[in-house]
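First chain A sits with chain B, and in the next complex the same chain sits with chain C.
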Partner chain A sequence: MEIKEVFRKKNVKETLEILEHYQEQCKIIAGGTDIIIQLREGIEKSSVLVDISNIEELKVVKETEKWIEIGSGVTFTEIAREFTLHDKFSALVEAAASVGSPQIRNAATIGGNICNASPAADFIPPLLALNAVVVLERKNAIREMCLEEFIIDKEKVALKADELLTKIRFKKLQTNQGLGFSKLGFRKALAISKISTAVFLELEENNKCKGTRIATGALGRHGLRERRVEEFLQEKALDPSTVHQGGRKLQKEIEKRLYGRPSLAFKKEAVIGIFHKAVDKAFKSCKIEGGI
Partner chain B sequence: MKKRGIGFASVFYGTGYGNGFPDISNAIAELGMDGKITIYVGATEVGQGAKTILSQIAAEVFSMSVEEIIFVCEDTSITPDAGTAAASRQTYNTGNAIKIAAENLREEMIDVAIERLGLNSRVGLAVKNGRIFLKTFPEKGISFEEIALLVGDQHLRRTGSFTAQTTQMDEDTGEGAPYWPYTFSVYGIEVEVDTSIGTIEVIRSVCAQDTGRTINPKLVEGQIDGGFAMGLGYAIYEDLNLQKGKIKHNRFTNYLIPTAEDMPEVEKIFIENPESTGPYGAKGIGEPVTLAVAPAILNAIYDAVGIRIKEIPVTPDKLLIALKEKEMEV
Partner chain C sequence: MKVIQLKVNGGVYKVDIEEDMRLLDVLRDKLRLTGTKEGCGEGECGACTVIMDGVSVNACMVMAFQAEGKEIITIEGIQRKDELHPIQRAFLEEGAVQCGFCTPGMILSAKALLDRNPSPSRKEIREGISGNLCRCTGYNQIITSVEKASQYLRREEEEK
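For the complex of A and B:
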């Protein structure tokens, strides 16, 4: 189908009115790094585009006492820059910097990465590990939901036709908490993730795991929390043997999930390596004094 | 765990079509009314630098600046056939043809000069910066422009042709020496293998390249960097993923070539041993700079992890599975 109309408003309010009017006929475009290709290949059938790339209120990263809030229109270049000063959040810098190439990161947004919901989306695992919440707005209404519930299937999210994802928020890290991220691509840039893993850790004395959230990408129909591994690590001291067993648990999960896939032989081995790297980084992040 | 290893590979490469196949380049050199030299040649510039190097060869014949050479190529309606931009042959084969055409023109111009200046021999004449003159008495000379004016409408225009020496191999035994000349090249490459995920990173690399005579060092460096990138892609990235005759990796999102971030610094050493039959001793280096990269990387992988990989590209999946199989054997 041909694009018949394109709207570009400067604020959320007017944008929501257009979404309400056009409903299923319209599609939101931000950086366009996915949708332009989908349009060109005829996969995307909408006839109306609503461009949100000019809305300044969606391009804000805000800190409150407990939360960090990222506007859906923030690009990966901005995310990488925003968190550079926070060593505890170096995992977010790493994940943002692993997206595509500098040109793509200058255009692609966090909201687009989430709503496109590719199985290999680079930024979804770290947000899942942070238990992020998405803020969804429609005309005269606003709702929030867990990112994990928001992603319902491969390339499918629980976004209604007249809704706009406006913000993503997650809790700041306390002094004993940390986040790690590791991605396996087949080259250093412009590499679609083959495996990615994000690990959130909260440690008590003697490195006992008080809480953990582990999320993977490119190992299922969409980014997923790995609850079996989380349960296994809970309340255990994180010594090399425990981490090793945690890796084996994750391997078992992947063996079940990717059963029959040609990529399984490789992924079930490589996932252990990637998991170890992510845990190591999360561990180091925990040890950085002071919260953010 | 990360393991490092170093590998070497050397090649010799036969320039041109070889095996008795006629390998001929033709060129025309012409003196313009403004005293500039125009070269007409069918050689194709495909980014390799042919226009620059071939202009340099013509400029050298007249000891003039390369800016004074007008180089016309590719248009087959006005240029003679110089064969394909293939087989790393343009510098050697077409370079020779241009050198011969330019020398023929220069001799013709000297004849005009001798007559005009009333000299009785070619001995002691010099050609430099657009003039022909007596070395011992530089005021006794004539400019290219004056020569062009003297000749008038006839235009001095000379051709040059070079046929490479190639011999056919014995069909029954496959023996013989099908090419001339040969170019030699060696790569030394250090890699780092991450044994937990199978990735390979090239840490550093050095190329020692026989050039015969380096006509343009920057272009040779560029060829080495480009050739290394192609060899690197060949060795560890570029996978067509053929399945039942269909290319599955049919776009650059999955047919991976190295990015700038994947390219290491390549140290370059030129080995200059002039080839007696080459233009000013030069040989072609286009393909030779690519050939030894993949075998050197595979040797480096072997040095790092003790596994002989026999299929390229060595993508992380292939290497990791091979590493795990080796672990099981132990």
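For the complex of A and C:
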């Protein structure tokens, strides 16, 4: 690691000035739980670091009439605490609480999880299922982008050298809408996700699927939407047989995507169980009163 | 080279650091607080756990410059004058220390948990120390000592 200069800024404005000045030489550090390892292993070669973990304006969770907005510097401990009372969003609490260990969750941030874009990032699938939008700021400019477009490839996002991810927002869940999350790791704590699935459902009368968004993690080069499965569930009544067939569709997708990988043998079986659990939780979340 | 001010165990220190130093390196190599151990160096084992601004963190995953101005507590800072902290006492009484390498981090994770939740269940204790690996004890003695420490601390509170 060859770091020549470090900055610690208290607001976004000053951080953006540093980013503009140093461009590619500079890397943003927040919780540090990914980048410090990358620096020490020589994978990350930036010579300037700018710390954003002290910027209060990035640590805010805000509700407006229709949206929930999470600052990029909010840690997973804070997310789990923030949404604990929102039963409808228990999937977010579950996803946040499944990250690393207490020590990691106390430091690691939602912005870092997104920008690092690990294939196994725990929080990306639920945000994809919520159709989240990322807010990117640079000096004197701001743009928004759909999270799905923001993640370009494994560990690669559409963040320019002088930009900072400042917020993530998604629409509040209405009464007939719900979110479910399920993760499979090799052990209970400190487990890197082997499969994770997040399901968003919007149900009409008789449990007919009006809308659905399904996203998986650790089943491809990065967290992604499973559109074939979504199309299959669309307009169908959500009964055990439909869910079963949906699971088979997802299995087919995984067989194609992970062809030749040694992990395919177990993942193609396990994904069905994880999918069922996530759908079940999303279904329960639909029945809780919404608007929060 | 950079000079930073660190608040460790109630004292304020001015320390010369290299830009690439981690909090762990400063604690051990500059302040000679070698109770904080380096195990894996990548946030898996929890041997370097310290408390920073009231929450547990891995000192191997914090850059030294990020810790400037924050309140840090290491294992050296939890003893009360000449007496052991109730968590330390409970660890000794219950045989929760074998090789001892995980112990400082384990005790600080236990402290962070008990500061927030004075009466945790065994499940909550397991969760609270889930970021600390111990290869000797099999964890049961550690969980029992955290339970015992929570009783000691509650009794202290009542006697106040």
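As a convention for this text, the second predicted complex is superposed on the first by the 290 of 292 C-alpha atoms of A that agree within 3 Å, B and C clash if a C-alpha of one lies under 4 Å from a C-alpha of the other, contacts with A are read in each partner's own complex, and residues count from 1 in each chain.
Please note the rule applied: a contact is a pair of C-beta atoms (placed from the backbone, for glycine too) under 8 Å apart; a residue touches a chain by one contact, two chains touch by 3 or more.
Fair warning: this is a prediction, and the values are worked out from it, not measured in the lab.
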Quiz item: A:Asn116 contacts which: chain B (first), chain C (second), both, neither?
Solution: neither
Self-check item: Touch count on chain A, higher of chain B and chain C
Solution: C
Practice problem: May I ask you to decide whether A:Val6 touches chain B, chain C, both, or neither, giving the answer as first, second, both or neither? | Solution: second
Quiz item: Of the partners chain B and chain C, which touch A:Ala265 in the superposed model: first, second, both, neither?
Solution: first
Quiz item: So, does A:Ser53 touch the first partner chain B, the second partner chain C, both, or neither?
Solution: second
Exercise. Considering only the touch criterion stated at the top, classify A:Asn176 as touching first (chain B), second (chain C), both, or neither.
Key: neither
Quiz item: Between chain B (first) and chain C (second), which, if any, makes contact with A:Arg40: first, second, both or neither?
Solution: second
Practice problem: Give one of first, second, both or neither to describe whether A:Leu184 is in contact with chain B, with chain C, with both, or with none. | Solution: first
Quiz item: Which partner does A:Ser101 contact after superposing on A: first (chain B), second (chain C), both, neither?
Solution: both
Quiz item: Across the two complexes, what residues of chain A are contacted by chain B and by chain C?
Solution: 101, 188-190
Practice problem: Would you mind writing out the residues of chain C in touch with chain A in their complex? | Solution: 2, 19-20, 22, 41-44, 46, 49, 55-58, 60-63, 65-66, 68, 109, 112-113, 127-128, 130-132
Self-check item: Touching residues on chain A, where the partner in the complex is chain B
Solution: 101, 184, 186-192, 194, 263, 265-266, 269-270, 272-274, 276-277
Quiz item: Hey, which residues of chain A end up touching chain C in the complex?
Solution: 1-6, 8, 29, 31-33, 36-37, 39-40, 49, 51, 53, 77, 100-104, 106-107, 188-190
Practice problem: Spell out the part of chain B that touches chain A in their complex, as residue ranges. | Solution: 194, 196-199, 237, 253-254, 256, 258-262, 315-317, 320-321, 324
